[in-house]
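In the two complexes that follow, chain A is the common piece, with chain B as its partner first and chain C second.
Up next, the complex of A and B:
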């Protein structure tokens, strides 16, 4: 008899979960707990958990404690679809998916077809949202082209860079995105010229041929827009500097972090856009406080700025739920789309019915000088990048 | 060759194998359906897809004895056919602007896409096979691997037609189990029908005794080519259905990972047995699933028992080594599942030996 009751109890539990019981608010993480994506997903998810704990401590959301369910995508697309279904069946009101568009999309598509909101932890492709998943999908980070555009405009205005060289690693969409943003911005900068461009592949052991072409220029360019990411970035940067090219190097956020700097000793004249500083010098003291909280929760400092979008994600979603007074998808999406320069710890965030991503954002500029990174400035591009230019 | 009456009796004597295998697949489907759990349902869909891939692989590898590392390339061809033919024209225009106009406007149901994927893969299997099937042994294996790498590079770089390495999304997602079940059963029956056909017999003869087979008038490259095309078609259809199961395709989905998973399932099951191909998938997939549940943690009384993450992959490797240690020819060796009859020596999957 006891067993029958247990089975009944279990089945009611399952049944109610499947229909999204309104008494609970559940955040479902269909993210990578194993495999290489874990390195990207875990810190952002930890940051999201910190925001969830804060909200729960302050009395919860709509008077309810936020619950969390997890499923491991194992950095595998087919597993990602399953993980999405798992958290949805466990009653998730929002499905949080992997950082990368390619790996997060299967779970996000699952959420979309179940009529639920999906949030990419830190994807920076325009496809991570309406364009590549559907009208209920969002990304918590900033589009990669904004990074390229930010660096180009900032270097032009603040560093008086006039001649630019574009070096693209064609490995990922993210890299191409940075250079797309740079390409969009450059023609808008009066008398700035592109003195040359080249491509390489992340896995290339040597970029000697590309370096020879840069050295062959009549004058060293003021700035090199380097659109690449880890792990190939380190080798490319090292080779550029070893060849005696001292131009300023502009990057995307993908090279943020000090973990690799020992490989290129005394690196200088090197600039990276970040959403918040992990180096303890963020102009906003609350970011530094967050870093301390993160260290307390996980035992280590954030290793890159990609930790922060997880926090922003829960922050904006919870605000939208609070305003809508429900976790019902259409109402929450409508509230999210009303957000215009909504303040967050890591800069203002805007969502529209056209774009569930940031096409303009405040970036802190981190300069690495003699191997020491630190915030030197902040910059917001003068106008948002039009969606038409992002869709190229 | 065997006279007509005798061949029919071969079919009758061996039909129990695909029937038993189909019943096993139906049993899996019913368990998934009865459980009502959507993640489990998706897991079983995955298992059926793997059955299709491994059975497709078996048609060539099992019958010819030539190990192919390249069959997942056909799945890739089929998967992209699904993307080309089922995504809404507007979305195709954005992600794959280089498609010819007629293909751009095409929007067909999933089953037609699977058939088209199979046909497209079969066509390329014919083209590649015409060259590759003249090789044998390790040279043939390496050449099939080169074919995989070639297809992968083309699909990873042909920006306007395959969207290069980006995910192609918008393929209608099919989450019901039954189409996959039907496809897996069809694959099993196709493999069975081929292996008892005269071409299948000829190829197995060539596998076991190439010199004698050639002396008996078997054109070995041609016999291999037929198997290659049929298995390519099955892989292509499987690849298209795989695309429908997760809703997107990328070239690296159909690359080394899937190649080695399917090959190891075939090897563990028993390379020259259709039952081995199916059982290899069912046993290994069940094991993977059980280990994943253990990784996620199960409640025993008041305590939760959970394996550390990543144990699944290690345990799977250990189990595979153990199976191959004790059964070097795989779980089934070269036997097939049959009804227990009085004729114990019958080897229905090897009709060449019983005739």
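Up next, the complex of A and C:
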């Protein structure tokens, strides 16, 4: 951690020194250091810093040490644009922006208009990329619809789920994305049926009426596709189980983590897709080694899988820079777009000139059984979700 | 029959939550014409007192580990204490200010409480297992519902009866009703204003704590903005119930809960996402036909 801080301190001092100086490689973080987004940005940024430290230790990028500059978006969209400008002024070659599309977009748009690459730390909307920002914008995570599609296909193939119930929290685009992926996949699964659907709002104090509708079905569904996120997810899961509904619950990655499991003691039959396991049982031993490194650097284990995209981001960007032999935007973007199933610690990554995001990805399936989460399987959807379906 | 009862219980339990919130707001409005927008943040604070301050993802449960017979009074006392403190520290300085000024002050106080919680606990929602035995399903009249729903309804009815007899049968209650009806006259006749107002704040804070306990055990989550939604619904309930009318606030609270649940049941799937729009539409209808609210508090008539 000391090293990370040293790099940070050194780079912040140097930051304003020389704009456009080609001797330096600078990663600019226009992310939330304060406000509610901080809880989401910080872990991914810490992971990114670990990858930067690794690269620097191994001799740097193009023979130069990677420097880092920071600006706080304060979880505010107007401040986000200012933070973007501030890191660009400090000489950033790549602008890393907040996890969420809405909060990251202002800084990403600033980078786009300055002709720089922007990378969303872990946004999972298709808008976080070409479609919502421009041709130089990327996201380090996987599209939300892939999560819904993965869970539907996996539950069908591996758990023989045939009757599905769709419960959507209409709060965010992310939630809708999960259900969109589920909707895309379901018709492709022979004899799988949607026995019912309902919506709720993340902040609803009670989802009793929605539960009554599920209980009104002639038979309990095999699986409930729950498209929601924190904090409402905990409330919904707790209420579903409290009402005696024991169906398999399928989720997006947003509910990963064991920090909330105390709220629903002995939760079972609960499944989540993750890019890597925080539970120490990842099939790739290097992920477990990364977790140890993360703990050493930050003092705590990763609390969710959303830590990992930060690492992937620096990894793929640095590879593209290495291959291009420059940090110049057009060349690096071209190299990134050549990546087809590029291996990373957390599964293969593909970027094309049409999509700067993952519309197919390998996911580990985490099952929570008697309150204990653990990896039970991995799954990659049989075909990428077409961009046209993602734009719905 | 079972499914109808299920809907009735769903509506009654959600309505109870709104009614308790509305009561907390109406009590204070009654005695000092203050719409206390900090009420929602007091609710959130009451959940957080169960946790030890930390910005970690995992909540460090502190007072939350108490047995229920200590936990419940502890939370109620903390709610009352915080509410009384807000009156002593903030609202007392605004005693002669106009209602709009006081309302702004209450917003400000709400922000202070919320950001204080943000500082101590971070913005990350925390999970807690509060009174887990209440999550067991029970069977009543063919409906299978979580025990917590039954308790919420019973507690609300209990609070209503308790409060009614307190206001009708005790000297303090009489003073409070007198103050609600005509504050200046009550003062002239020897009602000690500060005591009455502090009493109202204490009751209101304890009601906020009761909501915190219900919300906390229902959702299993402590979140710094968790009171906002209930606060909004409760405020609307006090408006359509007739500002300052306790009975009106309670009736309107139950009505809102019932409308929300019934809308969720009868709307087609595509329209359900807009359930709240229909609920607020119903609110507008009520206000068009009864702009003064369902019941009118006697004290407010000549002042508005």
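Simple rule for what comes next: the second predicted complex is superposed on the first by the 373 of 392 C-alpha atoms of A that agree within 3 Å, B and C clash if a C-alpha of one lies under 4 Å from a C-alpha of the other, contacts with A are read in each partner's own complex, and residues count from 1 in each chain.
The working rule: contacts are C-beta pairs under 8 Å (C-beta built on N, C-alpha and C of every residue); 3 or more make two chains touch, one makes a residue touch a chain.
What you see is a predicted model; the values in this text were computed from it and never measured.
> Clash or fit: chain B and chain C on chain A?
Aligned through their shared chain, the two binders fit side by side on chain A.
> What is the contact status of A:391 with respect to chain B (first) and chain C (second): first, second, both, or neither?
The answer is first: A:391 touches chain B but not chain C.
> Of the two partners chain B and chain C, which one touches more residues belonging to chain A?
The larger set of chain A residues in touch belongs to C.
> Based on the superposed arrangement, let me know which partner A:86 touches: chain B (first), chain C (second), both, or neither?
A:86 sits against chain B, while chain C stays out of touch.
> Pick one for A:230: touches chain B only (first), chain C only (second), both, or neither.
Second partner only.
> Would you check which partner chain A:78 touches, where first means chain B only, second means chain C only, and both and neither mean what they say?
After superposition on chain A, A:78 lies in contact with chain B alone.
> In the superposed arrangement, which partner chain does A:190 touch: chain B (first), chain C (second), both, or neither?
After superposing on A, A:190 lies clear of both chain B and chain C.
> When the two structures are overlaid on chain A, which partner does A:106 contact: first (chain B), second (chain C), both, or neither?
Touch partner of A:106: chain B, not chain C.
> Figure out whether A:201 sits in contact with chain B (first) or chain C (second), or with both, or with neither.
second
> Considering only the touch criterion stated at the top, classify A:127 as touching first (chain B), second (chain C), both, or neither.
first
> With both complexes overlaid on chain A, what's the closest CA-to-CA approach of chain B to chain C, in Å?
It is 5 Å, taken between the nearest C-alpha atoms.
> Report, in rising order, the residues of chain A that make contact with chain B in one complex and with chain C in the other.
In chain A, no position sits in both the chain B and chain C interfaces.
> Going by the contact rule set out above, which residues of chain C touch chain A in the complex?
Listed in rising order, the residues are 3, 6-7, 9-10, 13-14, 17, 56-59, 61, 118, 122-129, 132, 135-137, 144-146, 148-149, 215, 218-221, 223, 225-226, 228-230, 260-261, 264-265, 269, 272-273, 275-276.
> Across the complex, what residues on chain B touch chain A?
Residue list for chain B touching chain A: 36-39, 41-43, 46, 94, 165-167, 169, 173, 175, 242, 245-248, 250, 253, 257, 295-296, 309-310.
> Please name which positions on chain A make contact with chain C in the complex.
35-39, 168, 170, 197-201, 203-206, 208-210, 212-213, 215-216, 230-232, 234-235, 238-239, 241-244, 257-265, 300, 303-304
> Please output the residues of chain A touching chain B within their complex, sorted ascending.
14, 33-34, 71-72, 76-78, 80-83, 85-86, 88-89, 101-102, 105-106, 109-110, 113, 127, 131-133, 172-173, 391
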